[in-house]
Each structure stands twice: as C-alpha cells, then as structure tokens.
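Below: a set of structures, written as structure tokens.
What follows is chain A paired twice: with chain B in the first complex and chain C in the second.
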Partner chain A sequence: MSFLWSRAGAIAQKEVYHVLRDPFTLTLAIGLPVFMVFVFGYAIEFNVKDIHLAIHDGDQTRTSRQVVEAFGSSGYFIVDPVSSPNQAMRHIAGDQDRAALLIPGGFQKDLFSGRSTTAQVLLDGSDNSTVGPILSYVSTIQNIASVKLGDYTPPSSEIVLKTRFLFNPELNSRWFVIPGLVVVVMAILSVLLTALTVAREWENGSMELLLSTPVEPLEIIVGKIAPYAVLGMAAVAFVYVIARTVFGIPFEGSLWVFGLGCVLFLAAYLAQGLLISVATRKQQLAMQIGIMSGLLPAQLLSGFIFPVESMPAFFRYFTMILPARWFMTIARQSFLKGTTLTEMGAAFSALSILCLILVRTASKRFKKDLEP
Partner chain B sequence: MGESSLAVVVEDLSVKFGDFYAVDHITFSVKRGEIFGFLGANGAGKTTTIRVLCGLLTPTTGSVQVAGVGFETGEMAIKSKVGYMSQKFTLYNDLTVEENLSFTASLRKLSAETYRERRDFILNFISFKRPLNSFVRDLPGGIKQQVSLAASILHDPEIVFLDEPTAGVTPAARARFWALIRDLAAQGKTIFVTTHYMDEAEQCERIALMRTGRIIALDTPANLKSEVFPDQVYELDPEGRASYVQMQGIRNHSELDFFEPYGLRFHAAFKRSAEGEAFKKELSRDFKMTRISPTLEDVFIRLVEGKDR
Partner chain C sequence: MMSTLRGFIQKEFKQALRDPRMRMLLFVAPIIQMTLFGVAISNDVKNIRLWAQPDSKDSVLEHIYQRSVESKWFLPARIDRNVDPYELLRSGKIDAALVPPPGGLTRALGRGKADLQLLVNATNVIQAQSVEGYIRSITSQVVRDDLKQVPPVIPIRLDTRVLYNPTLETSYFMVPGVMSMLICLVTIVLTSMSISREKEMGTFEMLISAPVTAFEVIMGKTIPYVVLGMSNVPLILGVAVFVFGVPMRGYLWVLLVASFVFVCTTVAIGTLISTIAGSQQQATLGSFLFLFPAILLSGLMFPLENMPEPMKWVSFLDPLSHFLALVRNIMLKGGEPEFVIRHVGILALMAVVSVLVSFSRFRTHV
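Entry: the complex of A and B
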C-alpha cells in the first residue's frame, strides 16, 4: 500500500471537470439547494393564517361578544357571522369557511352561575393539515378570552392555562424547516452524486482503465469523494448563510458542534452513496436506490416534516438507523436551542456509530470489488 | 530461447468464474518485440486472459510472468510494466486531450518533466496535429484510437495490450493504426493484440486462436495455413448461376475436404485420392477454378468446425 495524494488529487481534479462540464450534475449540485431553500422557505407554509371562521352567537351577551371579539382580533381568523348553526354547517360544506364556532344561548348565564359552560368548535376534517394549527389557536384564544373575562370576575375557579412557546415564540414554521433543509440538501448532494459518480466509471468501462494503472483503491475513494464532500459542506454554508440573513433565523448553538455533526453526517451519506454505486454499477439504478434510501428517508422519516414522535412504533424505531434522523435533531437544536454537545450525546453517538458502520462497509466492499 | 527474450510466459493458466472456466488451462509465451495476435469469438476468453496479464484478475490456477514479474510480486508490479487499451473505453469524452493524458500520467506517477517529454514524443509519433485542448468527443474515431494508444504507452511500457483497438473505425484509420503498431514493435515493444479482422491477423507475427477458454491453434499465419491445408486450395467461380440445391449437393460431397462460400465464390479443398481428382475435374466444368493460398478465414472456419464435429 502506498497512498499517494498526487494520484487521489488527479482523480479529484478529473471529477471536478466532470461535474463542471455535465449540465445535469451541475444543475443538481447548484440548482437543487437553491430551489429547495426557495420552495421550503417561501412557498410551503405550515403556519395557517386568515382562516375563515363561521361564528354563530346564539347568546348575544356581552360575554359571548367578547369571545367573538377575541377570535376576530387574533389575526389568525377572518370572522364570518352566521345566523344559525345550520348555516355554519352549510358554509363549511360549501368550502366558504374552514371552521365554525357555535356559542349556545345561555352561555353567559351558565358561566356566571358557576355551572360549566360549553361552546362548540366545528372543524373541516377533510384537510387535516389545518386542523392541528386551528385547534391550537382555538385553545390559545380561549385562554386569552378567559383571561379577558377575568375582570368580570367569573366565579368559577377554573385553571387558566397559559402557553408560551419556547425557542420559537411565534411558532414560525420557517425557523423549524430551514435548519432541517441542511439535512435534505446534504442528502441529495452526497448520496445521489456519489452514487452516480462511481457507477458512471463502471458503466462506461473507465474503471477498468483506472484499475489498469497502479492506482490504489483508497486513492480512488478519496479522489472520487473529496469533491462531493467539499460541495456538501459548501451547500451547508449556503443554507446557513441564507437562514441567518434572508430568514433571520437565530443560531444559538456552537458552530463547532454543528460542524462536527455535518462532517459525521456527510461521511455517512458519502459512504452510503459509494456503497450503492459499487453494488449497482449502473447509473440509473444507483440514482433510484439513492433516492429511495437517501433522499426519501431524509425528507419523510427524519422528522423534517413529520415528527418522529408521532410515527407508528415501527417507524419510530426504524428511523434510528437513519443518519438523517439524528442529524436533523443536531441541526435544529443547534440553530434554535443552542444545545451543547453533551446534551446531544445520544444523537452524536448514534450518528457516529452509523457513520463508522457505513464507511467501513463501503470501503471494504469497494476494495474487495477492485482487488483482482 | 532464453528467459529474457520472452515478454509473456503463461503456464497452465485458468480462470474460473463459479463453475465456469473462462480460461481453461492455457500455456503459451510471447517473444519480446513480437506482434502477437489473439483471435476468437466473443466469450472465447481473450479479454479474460488479457485482464490477467494486465494484473486486473488473479489466476485461479497456473502462473504468468509479464515483463519478468508475476503475481507473486503483487499485481501493482505488473500494472506498472504494461500498457492497456481496453475495447470498451478509451478516453474521457468530456476532458481535453491534454487533460486525459496528464490524468493518465498522474496515475502512472510520471514527473511533470517526464510527462511533457513523453507526451510530445508520442504525439509526434502518432502525428497528432490538433490543439491539445480539443475535447476528445470532438475527435474523429480514428484519431481518438490513436490518442488512446498514446495514453496507454505514455509510461513507456515494455508490453502493450490492445483489446480490439480498431473496432468501429474506418479502413483508412485501421491501416494507419497498424502502421503505428508495427513502428512500436520496431522500437522493441511487445504488442499483444486482439482483433476480429482477418487482414489484421495476417499482420501479426504469430497468432493464437482461442475457443471456449482454450487455445486451439498457435503459430505464424503462414504455418497455420500450411498445417491446416496441406493440399491445394482452389477458388471456384460459378460461371452460370449455381442453384442452392446444386450447391448443397456439392457441399456434402464425400470427396470434398473443405468447401465454404467466399463472397460470390467458393473456397474448396479436395481429398487426396483418385476420386477426389475426378470430382475436381467434374466441378471444373461448372466453375472457373483457380489455385489460391488459403486465407486465415479459411483456416479458422476449418479449425473451429473441426472442433465442433
């Protein structure tokens, strides 16, 4: 074994030429991160605003009007007064309103006589992406309303719930999504591009030519992967800068800790891409498996959009073998919470173990494939 | 013949993939400075043999010595002594000529100075007149093959393996390429070449014919012809229009040793007997008969058919 940086360097340089001269790879490498940041930063809105809310006030008292007022002034709802509960139902069915608040007659009387009082909220369950946020707004506003009613001294000794959202006081979904984008963008660049690059050499037979020279397998690995490692880190830097400047997202944690997470994750995913490439030796297949095993889990199972905690038990455990899930935790906590390395011990240990396994398997398999 | 005069020594080499012998116990040697042709159908084991000789594949049994080194010293020693031009891939299309060559030079660990010297020497040798920064994809097929040859001999190897180097280029480019091969041999390089073209095989000093992993013939083209056809070979030119039935009748005639179509004509050899002579006379009524020396194609058809029977 005589590892030569000059040989690895020559392969890396050739790889850079390939990337720069292939419009498809270049688009994938530069266009996709920009596109993803744009789409997830601007187009996709997890915050629900301006919800049309039908309100039927069957009580018409000062208290009931205060409740209606609380909803109307919250900024989340556009209040649409209706004359009967039936009309409210028709509005929801006709898609004019998303939800309805029905205040029954005797609302104020019941409240002041100490009996429990109820108002009904109807939600359009056909679009369940809005139901969750609406419900949480309703309960928040309910609390605000009950506090406002407080100067009327309602005799009931009910517990007033106060909610304060920590780390992201406005519950701005961008704060939540953009740090997660680091994971998705890195997943695309590392798994997909690496899977393609080695498969391409096999497919057009140039691997044979590489191997007919006294080049060591390790030199090929290093030379092939280095450009994509640099590209991956550049993409992280890009998303980081956009997150801080354009979206004004705070970065509370340590850049070193975050950087360490990036390196571990990148190494794991580059190894995964290499493994796919060696196993398939075909660009088309490598691409598909790369998307299935790298990109989709990073988007769907990492907690990027759907929280891991609310997945069925099987998937909750399954996500543990995904580097993306652990790196997602590290990325978000570093941005928003400023969690320290020791506090994220579990995520870092898991990521390190997965990274070690993948790098070992990939380099072993690659060497075995190349040795005569 | 001393050891040093042999560039390649193969003894009892076999390569097994699972239960299948791609190369089945072959033994042969190639002299220094020789143009050695390797012929056979696809899947006969030519490329597998070459891959072993280039250090890309470990033999299952047997031993090989290439330029004095074998697998005992590690395949890297072999790799640094030989040049290889594979049939599938030649050069990176999206790189320039210069980038391709300097990439190969870096893999071969040539110093910048040696590289420039060798590059200029070889490009002059192949009379490359285009700018060095032309992209390989813009080169015509024949030039591409030549640059590819240049890349494979950049490190001045003792032996050059060319796996179907002229597949898919024009006849003129083929002739030009073979002139280069002869020049290289004249410079003392050993050339190991596979081909499907019989006219190319004729230009080799010796040829080996492979079939299902074995070498079924190995000699100079002239010796092969006289060995396989000890008797006269005739070219038969049908004067009129020969019917298919008539031809089938002739083909199966017991006095014929060999009978194969060759374009619109036929090549035939007769049994050495009175009946054979008589049949020859009989045929000379319908065909214009000329004595010829057999082509290599005749030799191979006969050898391969002989094995099939």
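Entry: the complex of A and C
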C-alpha cells in the first residue's frame, strides 16, 4: 500500500474535530499563547527601580539630610525611615527592604573638619539580580553628593565613553523577551500536544484499532500531527502580529528566512513529541518527559532569559544539541538585527541537522514499533 | 473509614510507582535537573565577544582592549582588518566593539579629551548595560594607570556591604529558585493528571458508585502526592547544600514545614485543576495555564519589584512566589520568624481555599 493523502486527511479531520469538540483544549491552546504574550509584554521589566531602602539617620544634620534626599530624589529608591540600625537589619532580614543606608553620628562634623566622612550602605545579597544595578546607583549618588556637599571635583576622565546601544536603542526589555517568546510558545504547543495526542490513542487502545484499518502508519502520523503543526504556525503568526502591532517591535529580517526557521524548528519539535509518545505510550509519562526534554530546555537553556554565553563551557557545547537554542538565535536576529540567511548559516545548518536526526529517529522508531 | 482510605492510598502509590520509568522520573530526574539547571543558568554576564581594530600605535586603546579580554567578562574577537564593526555586530560575529576617534585614542588624548565609542548589541538589555559598566570602569582604570592620574579623595564615602552573599555567588540565588520550581512542577502535574486519568478511563464512575465518601476520594487521591512531593524535598535540598554549597542558615525543620505546606497547596491546586478538566490533555493544559505565569511571576527569572502594580497583585496570588521567598529567606537569611509565619500562613490559606473549592465542585458535579 502506498501513502494516500486522502487517508491522512481523514485522520487529520478527526483530530481537528477532537480539538474543536473540546472547547477546553481549544481555548487553552489558543489562550495560553495570548496570555503569555500579554504577561510578558506588560509584566517584565529588567530595569531595577523602586528599591525599598531603610534609612537610619543617626546624625540629623543638614548634610545627612541632604544625603538622604539624594537617595530619595534619585528615582531609584523608595525611602523607609527606621528608628535604629538594628531595625534596618531586621527589615532586610524580613524582606521588607532591599537595602539600608546607615548614617552614623558625627557625619557632618567629619566632613567639615576636612576629613572624608563615611556612611554605610547595606545591600540584600539574597537577590543577586538586583545587587549589581543597586551598586552602580549607589556609586553615582556618592559622586553627586560629594560634588554637591563636599568640595569635590570628580577626576576628569579624559576618555569620554560614548555608548551606542544598537538594535534596541531604548533598552526596551520587551524587544528582548517577546521575540524569544515565539520559541517558548511553539515548544509548548508542539512537543506537549503531540506527545499527548499520540500517547492518548495508545492508552485508550484506539491505536491498535487504527492500525488494523487499511490506514498506513505514516498516514496516521501525518494526520495526527498536521493539525498541531497548523496550530503551532498559527501561534507564531499570532505572536508576530502582536509583537509588531501592540508592542511596536521592529522586524528587520526577511519573513521568508524567519518562516523557514519556524518550519524547521516545528518539524524538529513535532518529531521529538512523536518520539516521546511512541517510546512511552502513556500520557502521564509522555507529559513529564516532554516537560523535561522539550519545555524546560526551551525556557532555561536556550538563551531565552539566561544567556548561553554565560554558561560554563560544558553547557555552551551541550546546548548545541537543543533546537531551541538555534531557533532562539534565528528569532532574535530576524526581529531586531535583520541578519541574513547566509550570516545565520551556522544556526540554520545546526537546526536542519537536528531536525533531520529527530525526524529520522522518530519515523524509524515508529515503523519498528508498528509495521508488521 | 480509615481502612478504605488506606486501601485507596495504597492503590494510588502502586499506580504511580508501578512503572519503573515513572520511578526514575520521580526520584532521579529532579536531582539531575537540579544539578543541570543549577550549574547552567545564571544572570551573570560573561564571555562577551569584544572587537577593536588592532592598532599597535594606539597604546591606550590596546591597553583597554588587553584589560578587557583579560577580565572574565570579555573574549577577544579579532577578526579581519578594515571591516565595518556595525556589520560585524549585525551579522552576529561579535557582541561589542570599541571604535577610537580618527587618528587613534592615544593621539586624541594628547590633545585633551577623547571620545571612545562603544558599540554594543542591545538585543539583550541586561547584557548591554553590564557591558557598558564594565568598559567604563576599565577605561577609567587604564586612564589612571597610563596617565598617572591620582584620583582625588572623595569627601563623602558610601561604604557598601553586601549581606548574606558577599561574593555574589549566583548559585545562592538561582538554586533555591530552581528547587521551588521543580517541586511545584512535579506535584501539580502529577496530581492534576491522576484524577483526570480516572475520568478518562471511566474508572471514576466506578469510584463514585462505590461506597466511599467524597472526602475519602479526595484524601485518597491527594495524600499520596503530598508524600511523593515531600520525598523530593530532601533529595533536592541535598543537591542544593552539598553540590552547590548553598548555605542553610535557618532551621531545617522550618524549611520542611514550609515545604510541607507548599506541597499541600500545590497538590490542592492540582486537584482543583483535575476537577475542572475532563481528560489528561485538558489537565496538562490546565496545569500549564497555572504553571507558566506561576513560574514567570515568582521572582525566579525577573525581580518582582520592577513589575507594574497589577502584576504584583497577580504574583501575590502565586503560591510559588511565596515559597520562593520563604526558601531564600530561610536558607540565606536564617528565617525571620514574622516573615516565615506570614508567608506560610498565606500558603496555608491558599491550600484551604483550593481544597474547599474542589470539594464543593466535587459534590455538585458528582
């Protein structure tokens, strides 16, 4: 028997009915991407501000008050006066404040006597991500206060650093996150839904039934996967439209190149989902493996938030076997930089190789398990 | 009644643990994941490919470049001569470039002030800002050394100390986050799928017609997953402390109590999801609809302080954010009693509400 599109089409039709009949799955499959785009678009802000700062002014002089004011008016801190240094420590221990400014008695006297005067700043190191920015704010404020209150001229650094932030001149966090979201949304829809739908047929025993009909195994697979491939592509289109219209993110690259990347990635992940479901034949297990091998890597190891370059050497190489890592590069570069196909040659060839390997392994395994 | 419940629990354990692959997933996978993600992910900015046109006559620029690539932050990317740095950045061959004024930085400095241009790929916002900061501090050091400039004494000094994690170990911060996330993931997904599987297989109807009460069904379905979830806690905690050296400054029992309450909360939410979902696929999607925002808004990936006010409220409803705050507070800060009690209380409240809702849904639907 040979492959017939009509039979594959019939299976696909059945699968579409499955999805359509079940409004829960449909809403979630469409709702999840929508929800994620909006949460990400509106909630994520990498620029650290509104830091709660406990202040204890043990000096109560004009100078100390001006230092306190320098912190308050910087726009980065929310000032929270406390009655003692101990209370400031307790506020940090209880997560009420992120930092504390402790001005000792004699602060102004030391300054006027010509010596340099010192106030202490304590930072909460349990939240690593905010410490770096706070340190740089504090050193800026130190300079400003020194110029204003002390007789201080900052070293006239003879090199003036002029920074140009390319491809995202306003340092907008959304421009960074939303193109990456394409990858994560696709990963969820493709790996998980495919893994589940095929495993479900097995668990219910309907796979055996299907196989005993004149439908070819390949037709079953194409039919079962096609609706989810469409769903995955629809999700990408959706994220793309929202990114361009609602969030005004530029798209500098070629849509064809980006589309090719999407197709390769989708094929790789659908094959991975299929492989998982053939190997496990159980929804619960398929789900767990899908999360572990498809979803978490796409979220954590692809460079979506945590840069691949910062990983230890082993992981920089290890991530090369993840389709998501390559597609992340393609998505970001296509949106923001307009990199061409040849310039992304490495990413595209890696993605194609991984895609081929996954599709081959999945179809081999499927054939071995199913064909008489 | 107790014996029915016991039988129920036994059956559930057998079902969950019968498959050796499932056992692997439950007990080995969290350890592997914990190690992998704990090692791999960080917010650090490292290995930025920095490019500058080689020019042996321009000693100041060479020094700046040398210092940069000697630091752990930058990697040298000396590619071709006479190329447009913008093109290199756009094609993704480099991440940042130093462009001296025409005639070279050293010559320009001889005449007075000199502009040094830094081009940086700002696709990743955090990275770009850090790169600017690094280069700024390196240039001022080089200027100080090369031109023998003595910086004047600063009159007002803000002496900064970083508490709890003075060396800024990333793992201290990331590992508790990964830990909370894994516990949440395992419990929610397992619980929500367990009841929906019965529904899908039709065995749920059988259960209802059997002489057991709704209370017994719910308890029998949830207790095993609380136990399984809790059995993961020491494994994951062990990796955190012994592999990553995250300090355990608070009392172990406080952390265990907090974990217990958290596991109860997530199992209760999993149950709630499964009372709504009719099939395993729905349960999966339902779990995701919960898990995604829960992970993203927990403070694991983005600092919560910066979110807009309505999002802070959403994250207040996120059990994971409370547990993450608890784990960090107990492990790194020793657990401030008032803080711990408040957040454990909130978690417990969430558990009670979800149990009550699923109980009533269970009653009305069955």
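By our rule, the second predicted complex is superposed on the first by the 262 of 372 C-alpha atoms of A that agree within 3 Å, B and C clash if a C-alpha of one lies under 4 Å from a C-alpha of the other, contacts with A are read in each partner's own complex, and residues count from 1 in each chain.
Everything below uses one rule, namely that a contact is a pair of C-beta atoms (placed from the backbone, for glycine too) under 8 Å apart; a residue touches a chain by one contact, two chains touch by 3 or more.
For clarity, every value in this text was computed on a predicted model and none was experimentally measured.
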| item | value |
| --- | --- |
| Chain B versus chain C as contact partner of A:G205, first or second or both or neither | first |
| Partner chain(s) touched by A:E309 [first = chain B, second = chain C, both, neither] | second |
| Which superposed partner A:D22 touches (first chain B, second chain C, both, neither) | both |
| First (chain B), second (chain C), both or neither touched by A:T213 | first |
| Touching partner for A:R365 - first (chain B), second (chain C), both, neither | neither |
| First (chain B), second (chain C), both or neither touched by A:A10 | first |
| Which superposed partner A:R65 touches (first chain B, second chain C, both, neither) | neither |
| Comparing the two partners chain B and chain C, which touches a greater set of residues in chain A | C |
| Chain B and chain C contact sites that coincide on chain A, given as residue numbers | 22, 204 |
| Contact footprint of chain A on chain C as seen in their complex | 19, 21-22, 25, 29, 33, 37, 39-48, 60, 86, 89-92, 95, 105, 109, 112-130, 132-133, 135-136, 139-140, 142-144, 147, 149, 151-166, 168-170, 172-174, 185, 189-190, 193-194, 197, 200, 277-282, 284-286, 288-289, 292-293, 296-297, 299, 301-303, 305-308, 311, 314, 325, 328-329, 332-334, 336, 338-339 |
| Contact footprint of chain C on chain A as seen in their complex | 22, 24-25, 28-29, 31-32, 35-36, 39-40, 42-52, 67, 90, 92-95, 98, 101, 111, 116-133, 135-136, 138-139, 141-143, 145-146, 149-153, 155-169, 171-173, 175-176, 188, 192-193, 196-197, 200, 204, 280, 282-285, 287-289, 291-292, 296, 300-301, 305-307, 309-312, 315, 329, 332-333, 336-340, 343-344 |
| Interface residues, chain A side, partner chain B - complex | 4, 6-7, 9-11, 13-14, 17-18, 21-22, 204-206, 208-215, 372 |
| Chain A contact footprint on chain B (complex, rising order) | 54-58, 75-76, 79-80, 82, 84, 86, 88-89, 92, 94-95, 99, 102-104, 106-109 |
